[in-house]
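By letter and in written order, the chains are A, B, C and D; residue numbering begins at 1 in each of them.
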Amino acid sequence: MQFDPFIIPFNIGLYFILGYVVLRSLRWFMELSRPDKLRLQRGFFGRAFGQSLREIFMESLLHRSIFKANFRLGYMHMSLAFGWFLLIFFGTIEADIFGEKHLNAPYKAIFFKFFNPEHGRSGFEAAYSFLMDLILAFILTGLLLAIVKRFFSPVVGMKKTTKHTATDRIALTALWLIFPSRLIAESLTSGAYGTGSFLTGSLGNVLADFLPAGRMAYPFWWLYSIALGTFFIMLPVTRYMHIPTELFLIFMRNSGIRTGDRQGTYSEVETFSCSSCGICIDACQLNFAAGVTDIQGAYLLKNLRNGADTSRIAANCLMCGRCDSKCPVGIELSPIRMIRRRSGDAQWSYRNLYNGYLRNRQSLPQVKKELKPSFGFLRKDDPDQADVVYFAGCMTHLTPSISRAMINILEASGLSYSFLDKGGGVCCGRPLMLAGKDHEAREVINHNSGLIWKSGAKILVTSCPICFKVFRESYHLDAEVLHHSQFIKRLVDTGKIKMNFLRKKVVYHSPCDLGRGSGIYSEPKELLAHISRLEPGSFEDDNSLCCGGSLANAVIGSKGRKKIASDMAGKLTAMHPDILATACPLCKKTISNATGVRVADIAELAAEALVRKTVPGFVQAQSVSSDAPDAVSGVNSANPGNLSRVCPVN
Amino acid sequence: MIMAGSVIVIGAGSAGMEVSGVLARSGVSVTLIEKTANTGGHVKNWHHLFPDHRDGADVVSYMGVRAGHKLVNILTGTEIRELSRKGGKFHATTEGGSELTGDAVVVATGFDLFDCSRKEEYGYGIYDNVHTSAELEEMFRAGRLTTASGKEPEKIGFVHCVGSRDEKVGNLYCSKLCCVTAVKQAIEVRKKLPRSKVFCFYMDMRMGGASYEELYREAQEEWGISFIRGKVSEAGEMIDHRIQVKVEDTLVGRPLKLELDMLFLMAGMEMSEAGARISRIAGLKTGENRFLLASDNHYGSNRGNVEGIFYAGSCTAPMNITETISHARAAATEVIDYLNGINLK
Amino acid sequence: MNRFGFSLSKGRQINYDTNDRSAAEYVIAGEPSLLACIECGGCASTCTSGNFTSFSLRQLNILLKRGENDSLRDELRKCMLCGKCTLVCPRGVNTRNVILLAMEAFNKSQDYAV
Amino acid sequence: MKPEGKKRIWSDYQKEMADDKFFYVRSCIRQSFFPGSEQFFLNLMRNILGKDVYENPAHTTCTGIGYHSDIVLPATIMTVIARHFALMKEAGYKNIVISCVTSFGLYTEILETWKHFPGELEKTREYLWKATGREFDIPETVAHTSDIVYKFRDPIAEKAKVSLVDSNSGKPLNVVEHIGCHYAKMFPKSGIGGAEFPRVLSGMIEAWGGNVVDYPERRHCCGFGFRQYLVQANRGYSVSNTEKKFSSMKPYKPDFVLTNCPGCNMFMDKWQYTIKELEGISYGENGESIPILTYEELAGLVLGMNPWDLGLQYHMVQPEPLLRKLGIDFDPADKFRTKDGRQMPVPENLINA
């Protein structure tokens, strides 16, 4: 029986953390909703299992996503995670093969050198020692990078790095000590016995030359064990909890579980899966354009983990979704933020270390609801009946050029349509939702839904991506919901209207709620490519920027918005386009104030490109452009099309 | 060009001093008459000027240099009793009996500040803690801004349009400088007394000059001064000698009551008594606002109804210092043309 | 009802000195841009809710600043947060935050949600 | 407070008043609710100051209460007032002296109207002629009775037996003067001292040894407001205005309020009782209420008249504490006793009693 008291800290830590993780996982599982439990069971015993294992390997060990975003950061994460995994994996094999017996206790593998100091002198043993030294060296390079990052983040390509709590710092120190202490302990032991490979052997020889290596090794083995034990014990109350939690998250996600709009196990697992890598911080325009550096996803989750008040952080976000699309762990940051917004400034009771380990379920106090309706004053008018109902939206009423263009296009299409909010409508409800006021939002949603149902619409067209998103996601409508860019595209495709070609160089800005928010990328770009010289930009699709005008953020003032708008306008107009096209009245209004380049909504450009028919009573398009568009023959082959192609329901 | 000729300039405020200096440098000999003992007009009473809080003394010393020419003969403590024109020359008799002659006359009699005691409801001259804007400048200059009992005031109010835009006192016009003066003084009060709260009661904020609106915004954003739209209808002295004011908060349509430690009345500008006297003596026409009537609203603001008599500065309408100095320079060119026999009327 | 058949009526006068201005101070501390308001009414004239009912952010802001809090709690709830007011404000007042902070202030001070 | 500032304003608002030969018209409220005041005015003028004051028993109400309640039309009230001028003309008098501030305001307003709209004057002549066959002249001077008492304040002071000082401490009493709105607010030139800092009552108080209290709400209406009181549903407004006035004067600890208007006197007196009943608030010291006196009552006290002859007991707020403070002897037994010694019914709910 090989035993030495120095392994006790390690053993305590290891068994503690293993037990803790098992219990925590069980508890998470128990707290899952019934449907989510079923999903997880099905996922665990189905196809998702293999998928999850693969993802665990690719992401949790290799950190492929971080590699994609940032090579040096990816290498840092990989060397630590994958390297440690290899060290344990091969260490266990090493102990199994070269140890006194098979199937050893874990400490035998971890402290193999201590118990087998003579090991690795020659042949296969030496080769294996070489492998182990190689892995250790691999980890140490990553560790070096991590230390440099901590003090000088741009080295790893990060502009900003997360700030640490006191417990984080203790755990971090322990983590940093693990591998150097192993290196020195192994080296000293190797030096004393003349074993060890290129790293530990060489370093050991050097040290043994002027130090009593044999006697000095022992304290370092203690240090190594204490560092490991401390790290494991601290793990549950630090961000390093992400290491075990992420595995659970991957299984849950692959089983089809999502954040949803309520606090639950999944969002808690997500919260603990964040490694604070900081990619969300670099992606955030509030950070790089407006200098707001303490509200990003990593901070939100950190504060959630620490039980701090997150109401201020939750409120200060554009909800543009750039961080969601870039998070290497796949944490749904925006939905988590929305949960916090709904809960107002309600806080968790967790304040002390004890609760950190055995925390209460992250239940939130019930949000107080007003029973009286907020919008009882809304009239129940009867809308005009039409197949196509156009809803301009509040913001479009401040950019009448867009609604005017849409009316011109609708007139030209010859379809039966009505302008639902001609005299000024009721808000779609999304701004209320974004402020966490779902109950109030439901009131206006019900009101608008009633109007749309009564209008008999088969297609609901809106000019505002904000309205579009909420119409699609939160309204229960019989009508097909289209953004005007989709609708115009369909009119063109079905030959209802014809377009001239505008000889203009256009760059397209994808609005957040239309693009990342609703996945509508191609139609606007195809339409623009059809009527103009659309240039590819550097911020396309998932990588598009927010204009800064977002209604989701009520905290930043006009100065902050202006900074974001100027920054993004500068980036989008770097190629000197004639027109910066967008598909959102709010984007248009926000960007217009930040650039000298003409900013136009896609509907305005379409109306300008519209081939006019001289029909009595037809409202002439108001061409903003001074030069007349050229008719390009053959672009639109005469395609009579019928209504059924536009309105599939008919 | 050296010119022969002599001009009598009445009033040695900023307009009179500027017009005299310009004329003298063109070779015209000037007799500058001032009824008070000192030159410098109202500006010398102003501690700091809007919109940049510069020292009023700067402008006074500038004017002193400008008018300090050997061809300018300054007669202070002198008033004109008679003014007539004989054989192409103006003859003036002073109260002291001395005779002056000139080829032309420039009236630069400026304005008088409205006598705030005429707005009885504010209790000026009766309540201990009601003062005028001009008195506040004196307090700033003395470096002592306290209530009558010597305490540091915590709440201070400014009433705009006292004696302006008020049919009850016969002044229908806007004095146009009081708004910006109130804003300037409110900021200075906040600077001097950082714990104080300052309220401006206005009818309209007329911030038309260069940098005025910016100053207004600064007053709101940086100094937290409250602007309440409504004319103070009455002020009453409380038992502790503070002032209770009543105003309608017109933008919510509710009456508002407020207790203040000090109340400052933004005195408007009126035609000066001296100017009114000159207009009677020389037969100069005045407008309904009692200021001297210009021969043309657009291009005749330096001339009136008597040939050879020119107007400079705020004897024609309320003007700020910048406008007064420009108007005075314009008057000088009109005088020079006249002396050269060029009649551009 | 007493035996006189009438009672002292509550005046309409705003008593600035006795009113509780803590809600206004809370809002201004969180959103200092409110100080720049010139009460022009741009917000109220473009207001989506104001199109249907007597809701005026301009008036609300003034009452808030004066500490006339009684009617505000119910009035604030009429806002749909659509953000048009923020876009039209000539002084760059972050109006939506003003409303949210005012709601928060009343939530904190009153044991009752806006 | 700077008295010299007020003096400057008073010098701007002096009015011409006759010295003798007055035509007297009465007040509806005063002759009904506290007739001692009008009684003493005639006594003072005729017997103490030796003036000629003529009163025609055929004169009527001016109809001011009806006018201010939108019941009486302007043409009607002008004709009623023209009739009083006709009575004056017939009696050979040229100086009218009016007991009521509302009437005084109306007389002033009508005379101003006739000055600016002579057609109205001609129409009124015609109406009066058609209705009564009378003719009238515009009076030479128009005075309120308080103007006349003010005018003779110094002769009264010379004959004074009582000074407005606390007989115990020797300090002057603090007196609030309340001027009826219709006295000078419409036409500041028609009132002594103008509308902002009226002199008419403060002159009497100072001449008779008292100290005038100037408080923030001194201009505020007593609360009567005609239809505010006449319509029961509106009385809350009426009484709240009174409340506002009294709470503003309370810190000054006034010993009594002097009024020159019948309505003010009645409402400042009776609403104190009502507020005490409604809210439990009283405005004087030691839980007492503040006595409200007319200038005739005050002149009477100063001249040593029996308080019960002046009718002080007919106010809601009883005068005994004030009389004791002034050192005036009175017989409580006489309070509600007729001249021939019969006991009259004692009113209920009197305060300060």
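Throughout what follows, a residue touches a chain if its C-beta (ideal position, glycine included) is under 8 Å from a C-beta of that chain, and two chains touch if they have at least 3 such contacts.
In this text the structure is predicted, and so the values were computed from the model without any measurement.
Averaging Cα coordinates per chain and for the whole protein, the chain whose average falls nearest the overall one is C.
Interface comparison, A-C against B-D: more C-beta pairs in contact at A-C. Averaged C-alpha coordinates put the centre of chain A at 37 Å from the centre of chain C. Centroids built from CA atoms put chain B at 65 Å from chain A. Computed from the mean C-alpha positions, the centre of chain B lies at a distance of 46 Å from the centre of chain D. With centres set at the average Cα position, the gap from chain B to chain C is 40 Å. Chain C has residues 11, 33 in contact with two or more other chains.
Within chain D, not a single residue touches two or more of the remaining chains. Looking at which chains touch one another, you get A-C, B-C, B-D, C-D. Contacts from chain B toward chain D in the complex involve residues 117, 120-121, 123-128, 234, 236-239, 241, 244.
Residues 2, 4-11 of chain C are the ones that touch chain D when the two sit in their complex. Listing the residues of chain D that touch chain C in their complex gives 232-237, 239-240, 243-244, 274-275, 277-279. The touching residues of chain A, counted against chain C in their complex, run 315, 344-345, 367-370, 372, 374-375, 377-379, 394-395, 397-398, 423-427, 429, 431-432, 434-435, 437, 440, 444, 549, 551, 554-559, 586, 589.
On the side of chain C, the complex with chain B involves touching residues 11-17, 28, 32-33, 35-39, 58-59, 62-63, 65-66, 68, 91.
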